[in-house]
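We call the chains A, B, C and D, going by the order they appear; numbering starts again at 1 in every chain.
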Amino acid sequence: MPRLQDKRVLITQSDDYMGPSIARLFNEEGAMVKSIPGVVPFDGEFADYASRCGEIDVVIANLAFDPCNSPLEDIKNENWMALFDTMVHPLMCLIRHFAPQMARRGHGKIVAVTSAAPLKGIPGSTAYCAARGAQNAFVRAAGLEYAAVNVQINAIAQNYVSNPVYFPPALVESERFQKHLARNVPAGRVATEKEQAELALFLASENSNFIVGQIMPFAGGWVTTT
Amino acid sequence: MPRLQDKRVLITQSDDYMGPSIARLFNEEGAMVKSIPGVVPFDGEFADYASRCGEIDVVIANLAFDPCNSPLEDIKNENWMALFDTMVHPLMCLIRHFAPQMARRGHGKIVAVTSAAPLKGIPGSTAYCAARGAQNAFVRAAGLEYAAVNVQINAIAQNYVSNPVYFPPALVESERFQKHLARNVPAGRVATEKEQAELALFLASENSNFIVGQIMPFAGGWVTTT
Amino acid sequence: MPRLQDKRVLITQSDDYMGPSIARLFNEEGAMVKSIPGVVPFDGEFADYASRCGEIDVVIANLAFDPCNSPLEDIKNENWMALFDTMVHPLMCLIRHFAPQMARRGHGKIVAVTSAAPLKGIPGSTAYCAARGAQNAFVRAAGLEYAAVNVQINAIAQNYVSNPVYFPPALVESERFQKHLARNVPAGRVATEKEQAELALFLASENSNFIVGQIMPFAGGWVTTT
Amino acid sequence: MPRLQDKRVLITQSDDYMGPSIARLFNEEGAMVKSIPGVVPFDGEFADYASRCGEIDVVIANLAFDPCNSPLEDIKNENWMALFDTMVHPLMCLIRHFAPQMARRGHGKIVAVTSAAPLKGIPGSTAYCAARGAQNAFVRAAGLEYAAVNVQINAIAQNYVSNPVYFPPALVESERFQKHLARNVPAGRVATEKEQAELALFLASENSNFIVGQIMPFAGGWVTTT
């Protein structure tokens, strides 16, 4: 039996990051997937965005942005702000809007696709770590707040997953990157998009109802603590 | 399609703890389950134990013992040793025996059913925390050592899961325990055995091949960090 | 011998949070303390702020704001933004400005006074957890980036410390709060401001030069993991 | 003023690991240091050991053993057991004996010198990780149990600290190790014994009375989470 039969699933920023692969798997599993491409707005524009979504059983909060890597000294204000504007504030808006709606219906799932970067700390990606760290911290607290009303909110804190934003195939196949993998990632490879989607599926299904506020490292052993 | 079709699964100490419920679900999923009841031996006797198992694709290292709760001051040497003898040393023997065998075949899974207790620290259960902490630390390091050869070793660090050893129904239903749950466990309930088995299934399936050396909290939000 | 003899120390938002008590102890220890009251600006105004500071050996990034507690559903955009505007963005500006300057001189210390809240997750304080989580993640990554050039950047992730912003004496002394303490804080009390300042002193002194990118829980056992 | 004036300090296994350097600093700080060389016994012999110690204000549980590095597959039972016999069981005996005595006097400190290895997981050191992980887990739980009676129990989870057992100068100075440091340790160097002793001193002093059950990473950024 399909594992998401008739579930109404929203995938945000659906053309980017893990959006396409999650949509594919979730469709196969019987979900009714609403894919909305583009950055999720916050502030005034969010109400419009939300009204296009209707009732949703599962939100995949897939939010990504160029990591804006640079030495800390050279962080540009506009990049710093853009990371928070595209990844942090919209995540709050999504959860603030959908979690109460799910609570009223008696069940619901929110899976944020975030990053393992803040769990370890990456020199040269300090702005990105800060924004992803805000996401992870928000998911943890939100997950605990909604646990008792049968709404499960969790995050996939990933790294080294094949995807067009951070790990496009051309990069992954380079000799330099393969050496980097061998040295830094115990699994010695990047994850396929399908593998990541399977974790999202597990967290979106009823089988994981006891898992709440969890930041799940998904990084081939690159990081195992939260 | 069954998710463990034709997989040869060993469940240790199969009459206790999560053994029966994991066996049930894994059988439904097409696995050939070999259930061996009783404490897993270590030292000289382990070779005999292992020879009864043959080739195994998935080991569920289900090891449990009375938590021997007491004030730290009153820890008895024999209880302390028994916790290590039943939970820690056998886990090493199991992984030392089965992981290399799996590596030679090119794939394999070991899922240790441990505890979230050491992740938080429980006064009055310090001996139990120490032994479970040894298990978790061993799984983390072992998982990283075997990651590159496609053998995935992980732990379910659980608490508040219905099971005859630690959370029998009579305890769970008591008013006192329900108050304790409301105050300490964000999910407000214990997990069913089935829910736990579903996490074990996820970690035993090919879908989780990128997850290694991970200590997965499974405790309804009672603890979310590792 | 005074432990901060002739060290030029900047304490930000010096009238609030841990500012006054850290200033007191650091003065006793021979530091030349520059206390600047008020919220630290970011964006255009920060350059002026920084130019008032001159060369600094130790920055105490003491940034605090009303926690804006509310159910997640009722988070107000202006509160959410205010938390990031007062605690997160200024922290980036401070570190971006002072860490390179310290690196050029060959030594320096930045101690951020943050919170243990995001390490555990507090329902009803999700916005605060997000902002403090961003701080902690930034400190971790920044600390690793500057470790090799002898600039140590760490955070004190505190909770249950006596201070006028979050734990004023009147609250602490109430019977209700004392019960809360007995139940939730293993130490059974709040820390004195002096105790907190001693940890800040340790992290500001040469004795802690090997500690970098560390988020130090300081919460009487309320949380022990990071 | 000396920071440990008249404190009766026990340093175990005093000729090894961090024993000599901690003794040196603690003596300078006015402590009455009782240094007992040799492995700490457990079981029947511990009573004798303890009776030689008398009343103690601060225990430095300095326990070390050859890490017995080997592939997991080649772990020898006698090495595995030796690690637990020398590092884990004696730590329990020490805390079980001294913490209640301290509680009766109304104050006391136990600082365990453990390792950061189990916080990250080291392939090829899985036995060592398991034993050190047991120590860390025991310290966390014990620290919470004794927090309310003004006895502080914490651990220094160190790595890359100069010491004759694990990082003798000849190893550290080798070109190969220096490359390893540059690649793996953000601080780019090993800590001096004196730096480690300063952290032990901080945890042994009254200034850290609010820190309990804490596993303090001390590894130059090699690991920052617990």
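Some notes on this structure:
FYI, contacts are C-beta pairs under 8 Å (C-beta built on N, C-alpha and C of every residue); 3 or more make two chains touch, one makes a residue touch a chain.
Bear in mind the structure is a predicted one, so any value in this text is a computation, not a measurement.
Averaging C-alpha coordinates per chain and comparing to chain B, the farthest chain turns out to be C. For chain pairs C-D and A-D, the one joined by more C-beta pairs in contact is C-D. Chain C and chain D have CA centres that are 28 Å apart.
The geometric centre of chain A is 39 Å away from that of chain D, both derived from CA atoms.
Residue positions of chain D touching 2 or more other chains: 120-121, 123, 140, 143-144, 186, 213, 221, 224-226. The touching residues of chain A, counted against chain D in their complex, run 119-121, 123, 183, 186, 221, 224-226.
Those residues of chain B that touch chain A in the complex are listed here as 140, 143-144, 147-148, 161, 186-188, 191, 195-196, 198-199, 202, 207-221, 224-226.
Across the interface of their complex, chain D is touched by residues 42-43, 71-73, 75, 77, 80-81, 84, 88-89, 92, 95-96, 99-100, 117-118, 120-127, 129-138, 140-146, 213 of chain B.
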